[in-house]
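The following pair of complexes shares a single chain, subunit A, combined with subunit B in the former and subunit C in the latter.
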Partner chain A sequence: MSTSTTVPESLSAAPTVTGSSWTRRIIQNFYVRRIAKAVFTIWVVSTIIFFLIRLLPGNPVEQYIARLIETQGMDYENARMQAAALFAIDLDAPMWKQYIDYLGNLMRGNLGVSITSPGTTVTSIIARFLPWTLFSVGTGLILSFTLGILLGLMMAYRREGLLDHTLTIFASVVSSVPNYLIGILLVVWLGVQWKVLPIAQMRGTMSPGVTPAFTFAFLYDALFHAFLPITTYVLTTVGTWMLSMKGSTVGTLGEDFVTVARARGLKDWRITTAYVGRNAALPLFTQLTIAIGFVVGGSFLIETIFQYQGIGYVLSAAIAQRDYPVMQGVFLVITVSVILANLMADFLYGWLDPRIKVG
Partner chain B sequence: MAKNKLDWHTGEQNNGRAPLSLENVHVSYATRRGKVRAIRGVTLDLHAGESLALIGESGSGKSTLGLAIVRLLPETAETSPGVITYRRDGREVDVLRLKPNEMREFRWSECAMVFQAALNAFNPVLKVWAQALDTAKAHGWHDKDAIRRRLVELLEFVQLDPKRVIDSYPHELSGGMRQRVLLALSLLLNPQILILDEPTTALDIITQRTIIKLLRELKEEQHFTMIFISHDLAIAAELADRVATMYAGRVVELGASDDIFYRPRHPYTLGLIRAVPTVTGGFEQLFSIPGSPPDLVELPSGCKFHPRCAFATDRCKQEEPELEEVGPGHTAACWHWREVEAELQRNPLHRGALNVLDVIEIDEEVVS
Partner chain C sequence: MNMIRDILNWLGTTLKLMTYNKAGFIGFLATCTILVICLIGPFFIPLDTRTKLDKIYQPPSTEHWFGTDHQGRDIFSQIVHGGKDVIYVAAVAAFLSTFIAVTFGTLSAFAGGAVDGFIMGLTDIILTIPQFPLLAVLAAFIKLDNLTFLGLFLGLLSWPALLRAVRSQALSLKERDFVEAARALDLGAGHIIFRELVPNMMTYIVISFTLALTAAVYTQVGLVLLGLVPVSSSNWGVMISLAWTQGAIFFRDAMWRIMMPILAIALFQLSVITMTRSLELAFNPRLRTMV
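What follows is the complex of A and B.
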């Protein structure tokens, strides 16, 4: 960045030099480079998915053809045609042609058609179910991240105190219990034994008769149905945030700039937020991106337990029924969501930590 | 500039008295092994406009003393007994009795401290301007234009380009630049006292020169009252009006800079001076004090320096000497200071400290 700005005026006046410094500035731009990296990763992942489906022994296409012949008594030609239509590929074309077509379809958003519900495109299934997962997982993560950072900060400031010990035990326990167990326990305790929550009504993503709209009633209904998944996400992840933040804060409290800030007579609140908290939270943003991918991928157990129709619910149904095009689409969505989350975190990080953009 | 609301006492005949007085100050840390006695009864007056150097090995308590004055010691430290009195405009406060918020106001606006390792002195995610603004606002100064004007003026004084520095993040500045920014920032609120804790450590010799020149200007032209903590005797000799040698948490010798460096009366000070290497001298001239600094949990009996001292006698093992007058305005805590004097006459100083000073004079010409 600095190289282009320090070009002497006499030089930058020459058209050729301006051109090259202009392109160089784009290439060296932090955001441009990160986006290019993300696009490249998505391409690599989709290529791997393509070859996995076709090259593995007993690949889904062959299996589907065999199943059609067995169950429906179709002849091989017909079965093959139907399979090709479902997966949106031309089975007679050479491999490289199939690959190019696949990439072309992908760019147009064509991921094939579902096997179990013929006529429904995978893209439309994803478009219908993904927002619910993003909503519940996103809310859960933001809540648990915020809560974890605040509690971790408190624990570090009062370390070795009663609050610290209590919260450390709590954090270790909740983060060591698997999320599906916490989900089941929530159903058993809150719904069945204590009858605090109307579990049956909370199933699904919306109550019947409610339509998505920007109204308070809809938002309330959406949160009502997402309450248990969100609670589970928060409970299973908040412990890790708390402990990471505590460790990070203890380290930051020992930094010279904190002592200097106190010597400068800054108010405690300002030191805690802008000097300690902000610097201690920085490394946690990297962990946040990993968590987003993990939770989207791992959401299928939770969504099955609570009968919450998100992308995880779709995935578990697709796995049970060997709906390969849907599985392929969902896997792609999961990887893309991880990559996008990473990209977002990088941009956020570049804004939060000025040292990053330089490197 | 906003004046702070400290709980001032109108002292009786305070005018003209030292801005800072330490009386019998003790600092100890509670550890598993026992009580670490870092400062054991330091009594000192810091006169207006003077620069006082604290010298001594690591662990002698000099940094602890600096931190004790602004009360930035870790929570495990106990500062008692002892009284630290701060005076301004004929009024005084007892620093150790200030309430937390008063202490916060006292820091930086009355007494600023420039730390060693200025590399990490700044919050890495805030620009220099934001950190200066934080400092000013914390002391009730909200006029942004005036703050900026003052900061620009100070950055120019420390020979930095304000336009470049003000909107920079700390990592965009070199170590020497950061140290100078911190120095500029320490003057922002016009404090009466400046404490400098190893301000030139970890800087290359050229940058050290720039900083020392600035400090000298502060001393000679603006008559700042400074406490200068250093283990670099050459720099201390150059900047200090008076020097206090510290050993095992006590001041063992105190006197005018010339007295300390040319006529030391405490064997420890003498050892320190003889241990200064010269650039031109060979190894044969190098002297080191045998042994290592004492364990502050289990201090030796009597004079704490006796296990390492060539002059030590039985008396030194039993009785700890107090500071006694060895010359005009020159005190030393040693039973055998006369023997040190005699030894110096037999064996004059090998111009150890002097040599370093000479080298620095030459170096200065090269730089400027």
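What follows is the complex of A and C.
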């Protein structure tokens, strides 16, 4: 982990790396730098977590030991041993050794054992609940991004019309109201006041008796249960995409290459998609990276509201019960998925716009 | 005497500029109204704490403007009293995060080199860590029972996006002719920063502040909903949280109790965000010289 990974921008501005040309090429490679940054970020986050669990005064390990002695009448040695097993930490080792062991455990996927449901490893909890969050958040983001780009494009072509004004008002309202409040509003209005949706049956991730399989029935059931979370993600993010896409498209429409494409007599549809749309959507990818973090981060309130058992639901339950091993594991996994999603968005951006790979 | 006239002049110009964007001006008026109701209202409207069993869950009427809750208490008085804590915490958070973002964003842009690399590296890392879960996990470790402390805590973690925006703004200003001219005239760093740069960045700073304000309301109410902030007094977030945990949202008659705090928060966020359109005009130094 060299220090150069923290300062990729300065490297590109002033290439200070000396050495043979191929090592320099690797260090300055777009993909290598992005991956190094992602790894570095994951390391920083795990270190923060270690600090919280082990070093803060009154940290959870000490609290847990004290609780065992108090409530179960254990002696200090036994309580300490049980705590060490739960957190997968050797409490007798010096602090630096504990830190190295902790990092080693993380790499092997050993995140400790849950306090509230003894015997269940944190890794197995994550494996069981994470796919549902990835499914609902991923579907929601892709839907809202596509929809936002299409609507934004439409707004830019018909600007100052009735459609543009209506959609602008809609977009500013939905993007300024907190997403969990929109979630509660969906429950209150669709479920309770108007009784359009059977919200009680829509809770959870699957109906009883349905097993995951590549069948139409399973897919339908999964979408049925994820409908409200996905609707919330789409409603609360689509406004931002629409407004940015509109602004970006209006800017692109004035560019010379669009005028030239028109002069060449290209079909309108081709100009809209290949010339205007592609270029106008580019800046939105940078925003997508920020949105991923925000939506995944906010998902744990949304999942709690709809009782959708994804990783966020587990996190809020773990926080409520102060189940620290689950809390640290789930938080780490959420962070890592956001970092990986950012990495993917960066690569996608690099592929769509080759200019940034050089810069 | 002259000073008072100058201030009045400045205010007049500002207000005139703000009316150029109608939506923004409406947002500004709405924000002012909410602030007045929440900050001055409590002195005139007493908080209704008396349980009245014969008046449970009444719809809005002339006596109870927003209806009554599960104990027959007036919801309007709770809304009036429930705003000041939310706004106070948000303001503390917004001040801190704007301060960090503006100071270090400008520093990063002007120092360049290793300082810039370090600040931006750190910003990038904090930006990728999902903030809300981080705050929630931290709140499970740290007791957040003091409003000022809660505000500082929120502000301490919400500056990265603003810092990046401020830095890019400062980078572009740095190369402008008028800065170059000031430098050539040897006017000194203090003059360049406070007379040339800050007025030009004022729009950015003010908008950053309002956006930080709404972000802080978002996280604050979210933490309250999760039960992580043990605030005793009633505020909008606590009202929703109580209605939520007591299952009132599944009860048809309880609609006013759950809708009013939601509307209050939504309206506040919407007004503040819409207001930025007018602030953009009011703090733009170019427009100011034109009037």
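One rule holds for everything that comes next: the second predicted complex is superposed on the first by the 330 of 359 C-alpha atoms of A that agree within 3 Å, B and C clash if a C-alpha of one lies under 4 Å from a C-alpha of the other, contacts with A are read in each partner's own complex, and residues count from 1 in each chain.
Basically, a contact is a pair of C-beta atoms (placed from the backbone, for glycine too) under 8 Å apart; a residue touches a chain by one contact, two chains touch by 3 or more.
This is a predicted model, so every value here is computed, not measured.
J.: Put subunit B and subunit C onto subunit A via the superposition and say whether they clash or fit.
T.: With subunit A aligned, subunit B clears subunit C, so fit.
J.: A:I184 contacts which: subunit B (first), subunit C (second), both, neither?
T.: In the superposition, A:I184 touches subunit C alone.
J.: Taking the superposition as given, does A:N279 touch the first partner, subunit B, the second, subunit C, both, or neither?
T.: In the superposition, A:N279 touches subunit B alone.
J.: Classify the contacts of A:R67 with the two partner chains as first (subunit B alone), second (subunit C alone), both, or neither.
T.: Neither partner.
J.: Identify the partner contact of A:L301: answer first if only subunit B is touched, second if only subunit C is, both if each is, neither if none is.
T.: It touches subunit C, and subunit B stays clear.
J.: More residues of subunit A are touched by which chain, subunit B or subunit C?
T.: C
J.: When the two complexes are placed on top of each other via chain A, what is the minimal CA separation of subunit B and subunit C in Å?
T.: Minimum C-alpha separation, subunit B to subunit C, in the superposed model is 15 Å.
J.: Share the list of subunit A residues that count as touching for subunit B in one structure and for subunit C in the other.
T.: none
J.: Can you list the residues on subunit A that touch subunit B in the complex?
T.: 255-257, 259-268, 270, 274-275, 278-279, 282, 352-355, 358
J.: Once bound in the complex, which stretches of subunit A touch subunit C?
T.: Subunit A reaches subunit C through residues 6-10, 14, 37, 40-41, 44-45, 52, 56, 59-60, 172-173, 176-178, 180-181, 184-185, 187-188, 191-193, 290, 293-294, 296-298, 300-301, 304, 312, 315-316, 319-320, 322, 327-328, 331, 334-335, 338-339, 342.
J.: Quick one: in the complex, what on subunit B touches subunit A?
T.: Contacts found on subunit B: 70, 72, 104-109, 112-113, 115, 117, 119-126, 134-135, 138-139, 169, 171-172, 182, 185.
J.: Sort out for me which residues of subunit C touch subunit A in the complex.
T.: Touch list, subunit C to subunit A: 113-114, 116-118, 120-122, 124-125, 127-134, 136-141, 161, 214, 217-218, 221-222, 225-228, 240, 244, 249-252, 255, 258-259, 262, 265-266, 269-270, 273-274.
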